[in-house]
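First chain written, first letter: the chains are A, B, C, D and E, and each begins at residue 1.
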Amino acid sequence: MRKISLSNLDKAFALIAENAKLYIPVDGKGGASFKLWQEGVKMSDALNTVRSAKDFFFPQMETLMEFKTEGKNIEIIDNRQEKEDFVVFGVRACDVKSFEILDRVFLSEPVDSYYASRREKGVIVSLACGRPSETCFCKTFGIDAANPAGDITAWKTETDLYLLANTEKGEKLLSAISSITEDCDGKAVEEQKKQISAIMEKLPLSNVTTEKFGAGKTKEYFDSPAWDELSSHCLGCGTCTFVCPTCQCYDIKDFKTNEGVQRFRCWDSCMYSDFTLMAHGNSRASQKERFRQRFMHKLVYYPDNNDGMFSCVGCGRCLTKCPISMNIVKVMKTLGGKEND
Amino acid sequence: MQRIGVFVCWCGSNIAGTVDVVKVAEALKSEPGVVHSANYQYMCSQAGQQLIKDAIKEHNLTGIVVCSCSPRMHEATFRKTAAAAGLNPYMVEIANIREQCSWIHKDMQEGTEKAIVLGRTAIAKVNLNAPLKPGESPVTKRALVIGGGIAGIQTALDIADAGFEVDIVEKKPTIGGKMAQLDKTFPTLDCAACILTPKMVDVAQHEKIRIFSYSEVEEVKGFVGNFDVKIRKKARYVKEDVCTGCGLCTEKCPMKKVPNDFNLGMDNKRAIYIPFAQAVPKIATIDADYCNMLKNGKCGVCAKVCTAKAIDYTQKDEFVEEKYGAIVAATGFNPISMDKFDEFAYSQSKDVITSLEFERLMNAAGPTAGKLLRPSDGVHPHKIVFVQCVGSRCASCAEKGKEYCSKICCMYTAKHAMLTRDKYPDTDVTVFYIDVRTPGKQFDEFYRRAAEEYGVHYIKGMVGKVSPEGNKLIVQGSDLIANKQLKIEADLVVLAAAIEPDKSARPLATMLTASMDTNDFFTEAHPKLRPVESPTAGIFLSGACQGPKDIPETVSQAGAAAAKVIGLLAKDKLTGNPCVAQSDELMCNGCSSCEKVCPYGAITYADKEFRGPNRTTLIRRVAQVNEAICQGCGCCTVACPSGAMDLKGFANKQIMAEVDAICK
Amino acid sequence: MENSKNVCDEIVRISKVNPRKCMKCGKCSGTCPAYDEMEYHPHQFVYMVETGDIEPLLKSKSIYRCLSCFACIDRCPRGVEPAKLVEAVRLMVVRQQGNNHLKPDDIPELLDEDLPQQAIVSAFRKYTK
Amino acid sequence: MQVNEYKPKIVAFCCNWCSYAGADLAGSNRLAYPAEVKVIRVPCSCRVNPMFILRAFQRGADGVILCGCHPGDCHYTSGNYYTRRRMALLFSMLDYLGIEKERTRVEWVSAAEGAKFAATMNDFVKTVTALGENKRLEDLRCKK
Amino acid sequence: MQKITREVLIAKAEELLSNGTVSKVLGLKKGEFSYDQTPAVFTDIESMKKDFVFDDFSGANFSKYLIKETKKGEGKTLVFLKPCDTYSFNQLLTEHRFDREKVYVVGIACDGMVDIKKIKNAFGDGIVSVDATTDTLKVETLYDGVKEIAKAEVLAERCRNCKSKKHVAYDELIGEDGEVISSNRFDQVDELEKMTADERFAFWQNELSRCIRCNACRDVCPACTCEKCVFDNPNSGVQNKAAANSFEEQMFHIIRAFHVAGRCTDCGECSRVCPQQIPLHLLNRKFIKDINGFYGDYQAGEEVGNRAPLVNYTKEDLEPSEAVNKGDK
């Protein structure tokens, strides 16, 4: 384990930025967001960014290819963008876990080469959560906020930042900044881990469990009468989907440019009326069905296909951002019954 | 995918002079959808049209783009061509590479490049065109003529003679208009009344013609073939069907000081009056502003003397609603006000008069019974100065004059001068002119006769100032040929005032949705080729409401307007413009925005049943467009936030495709 | 010739008058109170500037006879503004001489009893614009 | 020869009855205006949706001008009155968003005003040329 | 002014449910945290007593839910409307969005609602509960114990600049009705107008670039009630699911603001729900301010049936060129 004084953090950032693009969470209007580090940019103390870190591997909109038309001829142009090395610094445990969930989707056959390429180029430096929020429930999904995964795990104390490499990529990055870091024991880190675990127990949502959900529960919940009420006031906006670190649905569309066509993909939301729109219409005709899709996917369908792994990481973003305050916790409690209360 | 044919016209050298038509045709060949591209000297010619027809058949074209002159010129032509070859006429788009390209650019490269873009734009649009079928509407076989002057009279007679019913609406108590006020008419010097009054009688006696005198158009709704018009019959306080026009009431009316508008206020009439002896209809009318009985209930003489019991002091304005297939505007003209021309002392001296006033002074039925006497003292004038172009051709004085030439003044001034010299050889007559314009049959001969045979002094120059001094008028003007400034002591000064459209024309145009120019003359559908039609279908123009005209011209235009009306009324059905608004009921949310902006009331709402998700049904309020009423302006399409309302032929997608093509 | 064209252009530039707008009606001259005093009359000014016949104007006393009463400007149906042209010609002459630019402050001294009132008024009007 | 002289792209929406006819008249009278101006014919100025104007900017237009009949002269009686309100608000909003207000314009051009049409287009092209390329409402995907 | 409490509203609902005036109540249901309230329909008084919530976090505008709710089943829906909600209510009626007969409106006075985002901006994450019974809020936090903050400081933006305490629609009122009040709601618009075009551009770029096109602003907006929004309609030519660049960000917000111009009642829901805290109300208020300035004061929803300024005109309206030059003084 290495440590670096917080006062030297900027130097470390500068060193990292020499070889790769470095993104750190930065405070701004509307909350924290990952921004490209430059001289003078300060790291945010916020617990989490408004948007999740999935943008780095699965951006909201990316060009896949272009078709250039001249007269009646078409030429296909590959102008892939995801070729640069980059480092994301300060990813929280929940978001780190989300990459594992996304990997199962994008890296299983057929491999999504755009995603794969970004995963390969990116180094994740995670950061333990010193002050989890009332909306956090990562523990429900077996995530340890005190000990996040990632290529490097970091812990921040009043004075120092402790760094532990977990992968080869992490080692390499650590060695790049070895000149300003020093070896240390993990005492302070152990101390922080204990504190965090204690807080996690006290969080208001610590009682939410996944016991009632998982693979093989489709029949149990699909026709539950509870969906009617749960979904009845859903606006059908995409807020929950777009702030969610694990939502991975996208749409591929063509944009007619002046010279040809740009084929791009962009996030889609199962909450939208034109989600999976086909010639005959939308296969999920009502908002109830669309609403159900989102939660069934997270709690049942995904586990069905992924060895019981849930596709929710308990980051709590949807809890704070939903315009009508409807969220996965309410769904789990309603469907799961009293035990969850 | 469309199969589009592109046809590039040279228009002789009009287009080919600045646009490389071969290159344009070649470049457009590779546009998406284009399967055939050709160029030809004159696409609008018989041979050119044949070229298009052949190509449509040979290449199975589903749409064509003609790169030629303005669509305002030949869109209809090429639509017919397409239709003749079995293609829906609305699959034709025109790229305007003449008026908006070759004629304004001098550089060949620039012109060619722009022509290609314009062609590409039209192709982009036609790619999204859909065949359209015009709707049909019935034609009401009755015409309305607004205005009962010589223009309206002639139009009405011609239409009626063809067997259609005609109504004339005249705001004055009698038809006849300005011509009834004239003395003689140039260039033949016939007496105006002698040639007009028989026509007035014809109108009165024609079984197909109804006259609404002392009436005005109140409201116009509907569209070509189907106008609904509300006519206000102003209360004249005399029962029209009872009055015999004997005139006893006017003789006995004690209210003698009513300015006589027929004589332009130069004498008085009674509060109950018949405008002139040959009035049609010959019915008395009470001037409510002066009648004591109507004002304060004291008098009632006319009712007492009327043997026919025609007087009705309680009469109210009445409204008549009638359907018409065509409407003719024949609202005529008026001389402009001379009040603002201080330099001519019109408002200072009674002896400065307008030509129309002079007309009345010379008229046997006028205030002086045809004797030329000065209005101020009734003395015969020995020195008369006529000033032409007063308020005409006046570019710098929009607030008092008119920029255009009033056209008739040169001729009537010559007439006045000639008549004066003829009747009173002892009178010296001088005419100040800027130019004398006499393009007309026998016109220049007439003017020369005034100068040569009658010794009228024509002075090239303008009067700068008229100042009354004692009982004389000092006319100061320049004689440009002698290079002298003249000061003439005149007894009478006659101003040839510019003429302007009647003030009622503009509100009428608004009701008719007919367009007007900045001078308030009605705009014709085409200045050369459709001079008697308004761009608004079903509205026709007759006489000076379209522009300054003399009598022969007015009468010929009146006849032409009648011919157009007859052509319309002879049809049983009209095919409409298929480029109308269309509501996508699945998208419409019934908010009523479109209905509020529709100027024609073409949009209504209905509750309709729709299939909801999962076998449910929903009832929704949705907009529906009456295609016969919609005129296709597209205002509703923008008012509609959901994009449910679109315009056929100018659809959102088509316009956006045009935008894209231009910006490419 | 070339010179007189330049002078004409300059006059047009100074006066902002477009002599081509003139339709030769002569109303300016018909209205001019100083007509008889002038060798060249307002309409001739316009015509001569338009045709470039400028030398006679520059030499003519007419330019000092114009009262600048602006009657011609007021009456001209085409908005030609002959008085401004006369003024511009006058300025050309004054500037040619090069050194006697009249300043508003100089005016009171120059006033003499014979000077028409209208001329004084117009001089003030001119210099206060 | 100057190769890279900046030429703006101008889209002009013209109503069929007045302004398009005015443009034709400008042509008939051989009154020149820059070839950068390309006219789209619409039945009435009120047919022009703000979306079309934004679309033009997206596609690379540097200026958009909308021409209709003079207020009071609308062929459809009231269309241009609505246009006037819509565009007043739209232009004000674009200005509020910091987009150069000179890039959009509404002019009333009658069928008789060929000279005005040409003069307007000359002036508009001059104004937009002076502003340079449209950078604030651009969609880079549509630029070469 | 009578303080509106949960109990007062439950009592009213009980009365109206039991006498058959209404068959259901549209209200808010309490959630995990004090600020966590979800719209819900209550058909019996017991469930209402259990879950119904009304406090200083009950700011949601209920008008739009009525479109869907009135189409379900027979009987009237009871809804409690704050003054600002009633303007939306009227505007929806003007546009024939639901049947007035199927709603029973109880107008409730309002002295402003609290915005949780402002509390979080002040104290950070970890807000366990908020006690808002007095004008000083007691905020229980995870890490810093109980904190206090004046309610006035954390009032929602729309409440800080409340335009009216008057109900423009109701069947009955609880307490006294208020008046239309003069607010400073255009101050921020003024400030922006005073900036240079470059500054304004930078301001809006910074704001709009955060947009994630979640459509929450649109979907919550009572004026956005299209069957299918142009931005969702593949045939509209402007459909997109994500903004590809700053143009599409601008496009969406300009067109959305334009579509609701003259119909927007300035209820502020768009800004409330924006996950990125974009001050969207500043776009709508610009239109409202312009409309007032150009065409005379107009308040959407003031009366049912009013003709919105964009579907209206006068012959003397100002020219578009004058509109943009107004700020140049």
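In this section, contacts are C-beta pairs under 8 Å (C-beta built on N, C-alpha and C of every residue); 3 or more make two chains touch, one makes a residue touch a chain.
Just so it is clear, the structure is predicted and the values come from calculations on it, not from any experiment.
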Fewest touching-chain hops separating chain C from chain D: 2
Grouping of chains that still touch (sans chain B): A, D, E | C
B-D or A-B, whichever has more C-beta pairs in contact: B-D
Chain nearest the overall C-alpha centroid of the shown protein atoms: D
Chain located farthest away, centre of chain C as origin (C-alpha): A
Chain at maximum distance from chain D, centres defined as averaged CA atoms: A
Centre-of-Cα separation between chain D and chain A, whole angstrom: 46
Whole-Å separation of chain centres (CA-atom averages), chain B against chain E: 53
Geometric centre distance via CA averages, chain C-chain B, whole Å: 44
Distance from chain E to chain A - Cα centre to Cα centre, in angstrom: 30
Overlap residues in chain B, where contacts from two or more other chains coincide: 597, 639, 652, 656, 660, 663-664
Residues of chain E engaged with two or more neighbouring chains: 228, 230, 237, 244, 310-312
Residues of chain A engaged with two or more neighbouring chains: 255, 258
Contacting chain pairs - touch in the sense defined above: A-B, A-D, A-E, B-C, B-D, B-E, D-E
Parts of chain B lying in touch with chain D, wherever the complex brings them together: 70-73, 96, 98-101, 103-106, 110-111, 113-114, 117-118, 121, 510, 513, 515-518, 523, 535-536, 579, 597, 599-600, 631-635, 637-639, 647, 650, 652, 655-656, 658-660, 662-664
In the complex with chain A, residue positions of chain D that touch it: 59-60, 141-144
Contact footprint of chain E on chain B as seen in their complex: 586-593, 596-597, 605, 618, 620-621, 639, 641-644, 652-653, 656
Sites on chain C touched by chain B in the complex: 21, 23-32, 35-36, 41, 43-44, 71, 75-80
Chain B partner contacts - residues on chain D that touch it in the complex: 9, 11, 16-18, 20-21, 23-28, 30-33, 35, 38-44, 46-52, 55-56, 59-61, 69-70, 72-73, 75-79, 82, 86, 110-112, 118, 142
